[in-house]
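Notes to accompany the following structure.
Every chain is named by a letter (A, B and C) in the order it is written, and numbering of its residues begins at 1.
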Amino acid sequence: MKRTIPILITFITGGIIVLAEFIPPWAILREHVLIYFQIIAVFAFFLGGGSLLKINCQKVVRKREDWQFAIVTLVGFFIMLALGLFKMGNPEMVDLGFAADLNASGSWFKNVFDAVKAPLSASMYSLLAFFIASASYRAFRAKNSDATVLLVSAFIILLGQTFVGVVSTGWMPEWMSFFKVENLSLWLLAKANLAGQRAILIGIALGIISMSLRVILGIERTHLSGGDE
Amino acid sequence: MLLAVTQGLGPVFSWFFWITFAAGLGWLLWMSITGREVERRIIFLFMGLTVSGAVLAGIILPVQETTVVRNVFDTIEGLSEGDRVLLSLDYDPSGAPELEPMAKAVSQHCFEKKLKICYMTLWGTGGAMITDVIALAKVDFPDLVYGDDYCNVGYRAGNEAVLRVIASDFRKTFPTDVSGTSLDSLSVMNGILNCADFKYIVAIGSGRPGIKEWVEYVVEPSGALMGSGAAAVSAPQLYPYYPQQMNGMMGGSKGASEYEKMLRRVYPKFKSSRAQATEIMGPQTVAHVFLMLLIVFANISYFLAKKRKGASA
Amino acid sequence: MSQPNQNSPFCKIFPTLLSALFLFTILASSPKTLFAQDAETSVIDSTLENLVPIPARPANVKAKDHVYDIGEKVDVSWELSPDDTTGLRNVVGYIISRRLDTASDFDSVGAVFSRIASLTDIGLTKGESYQYAVTAYTSAGAVSETSVSNSVTTEQEWFDGDKFWQVLLLVIIAGSVAYFIYHAKKGKPMFLRKIAGLQAVEEAIGRATEMGRPILFIPGIHDMDDVQTIAGMTILAKVAKQVAEYESRIFVPTRASLAMTAARETVREAYMTAGRIDAYRSDDIYYVTDEQFGYVAAVNGIMTRDKPATCFYLGAFFAESLILAETGNSIGAIQIAGTAMPAQLPFFVAACDYTLIGEELFAASAYLSEDPKQMGSLKGQDVGKVVAMAAILIGAVLATLGSEEGMNIETFNSAFHAFWGVFGGGE
C-alpha cells in the first residue's frame, strides 16, 4: 500500500502531463496538476523551514560547535519573515494594505534585501572569478591530445572575448577574416560547441524519456523510499 | 596598444599598477619555469589584485558591435511610439552586475522611443530587480507616469506554468499589477491579451526559468517576437535559438556594453548616463588576459617538468 | 500553433493602434450604421464621402473553426480590399468584429495591418455559433462597408493533429524502452558500457570510512519536479545503503524542502535495508535555504569545517558547480559529479575526479540497481539514438542537396521540406 498509492499517483499525473501535450482538452488538467505541485511544495516549505529552525535551535541550546552562527541564522530568519509578512515601512501599505508590493522602494524588506542579501549573493557569485583562475591553472594543461584541443579552443574563446584578441588579429586582410580571433571564437561556439552540445542534449533527452518511463511505470521507485523490494 | 588600455588610468596609479602587475607576473613565470606549483591562494590573491586594480583604475576599453546584439537594438529602434514591449527580468542580485545594465539600457532605449514597457519576472527575487531598473531608468526620464508609460506586474509563482498560461492569456496569470491594480485600468496594457500582442519581448535572465523557457513556452506556441539578454555563462547554450526563435541576444557584460555603445551612438544624450557594463568590461578583459597568462604559465611549467623527467629517465 | 505562421506579419496584431484610434472613435459613435448588414451606403453622409474617399470593402469573408483546439478559436479570412495599400483610397488595415448568431450587434475583436487577410479569434465558447464582420479603413480614417461571414460553430478536437509526428516518434522511442523493459530476460547478462564514475562510488565511500570522515551528497539545486533530482535521489539510495553498511556518516543539505523530505525517506529506507536503522540520523539531511548562493555558502562552510572525504554532486546545477567543486578539491575530497546541465559539465570535468555526463546520470540508477528491467530501458534508449542518428544523417544529406541554401536540386527540395515537416516541427 505504502508504495502502490504513490506509484499510482505518479502513473496518473505523469500520464496526464504527457498526453495533455497531444489532447487539447486535457491541457487544463495538466495546468491543474502543475498548480497542485506548487501547493504541495508550499506545504513542504513548512517542513523545510521547520527543519532549519529545529537544527539551528538545537545547535544553540546544546551549544554545539559554532553555535553563535546559528543565532545569526535564526535572527535573520525571523527578521526577514516579519519584514515580509507585515510589509513594514512599505509606503504603499497606507493605500493597499497587505496587497502592497513586497519590493516597493522604501520598504524595509527591500532595504535589507539591498543592503545585505544583494551584496552577499553577488560576492558568492564573484568567487567564481577566483575559482575559475585556480581551476584553469590546474586543468588546462596539454597532458594529451584531448586536453590539447580543449586548451587551444579555450584559449581562442578567451582571446575572442577580449579586446586584446581582436587587436592581435586585426591586421588580417579580408580573405583571412575567418581566422580573425573573434570569428574563430564565434565559430567554435556556434559550430563546434553547438554540435557537441546537441549530441549531449539528444542523449539527455533520451535519458530523460527512459528515466521518466521507469518512474511513471513504477520500475524506478527508490525516490519514493529507497532500497529494493 | 598599451596606451589605449591605460587611457582611463590616473598617471601615478597607472604606473604603480602596471609595474606591480608586471613584477607579479614575472614572479609567477619564474615559479613556473623552476617547476614549482603555485598555491591556489596566491592565484586568488593575484586575481583579486588584477580585478580590483582594474576596477580602481577605471579602465575603459573600446567595444566592438556584433550583429547578434545589434538585432535587438534595431528591433527596438524600428518600433513606433506607443508600441508595447514586455521586459521580463528573470534574475537575482547575483546576476544583476551582468544583467541589470542590459535591462537599464533597453529600458532607456524604449522610453526614449516613447514605447511602453510592461515589466514582469519569473523569479521571486526578481521583484526587487524590477524596482531597481525602473529607478535607474527614471534618472533620465523623471516624468514617466506609472500605468501610462510603464507598468510592473511583478512575480507570479509557477515557473514554466506561468509562461504556458500567459502565452495565450496574459490576464489569467496577471489579472492585476504588482500592487493589485487591475490591468484593465492601466493604459499600458490596453488591448494586450497575450504575449504575442506585445510588439517585442525582451527576456533577460540567468538561469531557469529563463530564456530557454521563454522560447519553449511562449515564442514557439505563440509566435511572439523575442530578443534576450543572457548571463555570459549561459549564453553559449542559447545559440541554437538564434536567429529563428529569438532574433537577437545580448551575452554577458560584453553584450550589454555593446548595447550601451549603440544607444550612445544613436542617442548622444545618454553619454552622461553611467555605462555600467562598459565599466565592467575593462576589469573583465584584464581578468581574461590574466587567466590566459596563467594557462600559458601552467603549460610552460608542465612541459619543462616533463622534459626534466624525460632527461632524468 | 495557436496563431498563424510566425513569419506572417499577422503576429503583429493590434499594431496600428494610433491610426486605428480615429477609427475606433467613429466605431464607437455609430456602431449600428457601420455594421448594418444590408449595405446602407448612406452610413457616412455624402459630405463626408466627398472629403474622405470610401474604400472598397473586403470580399468573401469566411469563418472556419480552428482545428486541433478545444473549441475556443475561429479562423477568419477574407479577400483584400481592391484598395489595399494602393491609390487614393489607401487601405491601411482591417477591423474584425464578431457576434453570436443570436445577437444583433457586432463587437470589435481585433485589427490587423493592410495586406493581411486572416485572423484567429481566441477565447470563444465551445459549441456556440459565431458570425464575423470585416471592415477596411484608410489612413485618412474612412471606413468601407462591412462584409459579413458565414456562421461558424466552434468544435473541440480530441487529438492535436499538428503533433502527429511527435506522437509517432514518442511511441517509437517510449515503445522501444517499454519493450526492452518487459522483455529484459532475467539471468541473461546484458552488456553495459563501464561508467568510471559509478565504479568509483564504492571505493570513494570506503576511503571516507577509512579516514573517519563524513560523506557529502548534494542532489542538485532543483526541486523534485526535475528528473535530474530524482536521478540524484536514486543514486543517493545506493550510496546511503553502502554508507550504512560501512558505518560511515552522510550529510545531505538540500535547497528545496520537498527534496529534503524525499532525501530523508530515501536515506532512511536505505539504512533500513542495510539493517542499521538505529544509525540513521534525520538531522543529517536538512533544508538550508532556497536562495542559490546562500545555499552555496552553507555547503562550502560544511566542506571547510567537516572536511568530507567524498563529495557527490548529482542533479541539476548552475553557476555554483565550480564554486562547490573547487572548494571540494581544495579540501582534497574525492569528487563524483553528474549533471544534465551542459553548461556546467566543463566545470565539473575540470574540478572533479569523475563526472557523469548527461545521460549517464540517468543511466546510473539502472546501472547501480542491476535490475534487468531497468537495464533493459537503457537498451530501449539506444533505439532512440539510432533514430536520432539516422534523422541527422538523412537530414544533412537532404539539406545539402535540396535546401535553398544548399544545392537546391528540385527532387530533393520537396523531400527536404517533407522531412523538415516531420523532424523540424512543421514548415
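We take it that contacts are C-beta pairs under 8 Å (C-beta built on N, C-alpha and C of every residue); 3 or more make two chains touch, one makes a residue touch a chain.
Only a predicted model underlies this, so the values are computations on that prediction, with no experimental measurement involved.
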item	value
Label of the chain whose CA centroid is most distant from the centroid of subunit C	B
Dominant chain pairing [most C-beta pairs in contact]	A-C
Cα-centroid distance, subunit A relative to subunit C, in whole angstrom	17
Inter-centroid spacing, subunit C versus subunit B (mean Cα positions, whole Å)	24
Subunit A: positions in contact with at least two other chains	117, 121, 124-125, 132, 134, 136, 138, 140, 197
Residues of subunit B engaged with two or more neighbouring chains	40, 92, 94, 236-237
Sites on subunit C at which at least two other chains make contact	291-293, 319, 342
Footprint of subunit B on subunit A - complex, ascending	31, 34-35, 38, 92, 96, 99-105, 110, 113-114, 117-119, 121-122, 124-125, 129-130, 132-134, 136-138, 140-143, 151, 154-155, 158-159, 161-164, 166-167, 182, 189-190, 193-194, 197-198
Touching residues (chain side subunit B, partner subunit C) in the complex	40, 80-83, 92, 94, 125, 168-169, 191, 193-194, 196-197, 199, 206-208, 221-225, 231, 233-234, 236-237
Subunit C residues within the subunit B interface of the complex	1-6, 11-15, 17-18, 122-123, 222, 291-293, 318-319, 330, 342-343
Contact set on subunit A toward subunit C in their complex	18, 21-25, 27-28, 37, 40-41, 44-49, 51-52, 54-55, 58, 65-66, 117, 120-121, 124-125, 127-128, 131-132, 134-136, 138-140, 197, 200-204, 206-215, 217, 219-220, 222-228
Footprint of subunit A on subunit C - complex, ascending	68-70, 156-160, 163, 166-167, 170, 173-174, 177-178, 181, 223-225, 227, 230-231, 233-234, 236-238, 240-241, 254, 256-258, 260-262, 265-270, 272-273, 283, 286-289, 291-294, 296-297, 305, 319, 322-323, 325-327, 329, 340, 342, 345, 347, 349-351, 357-363, 365-366, 369, 371, 373-374, 377-378, 380-381, 384-385, 388
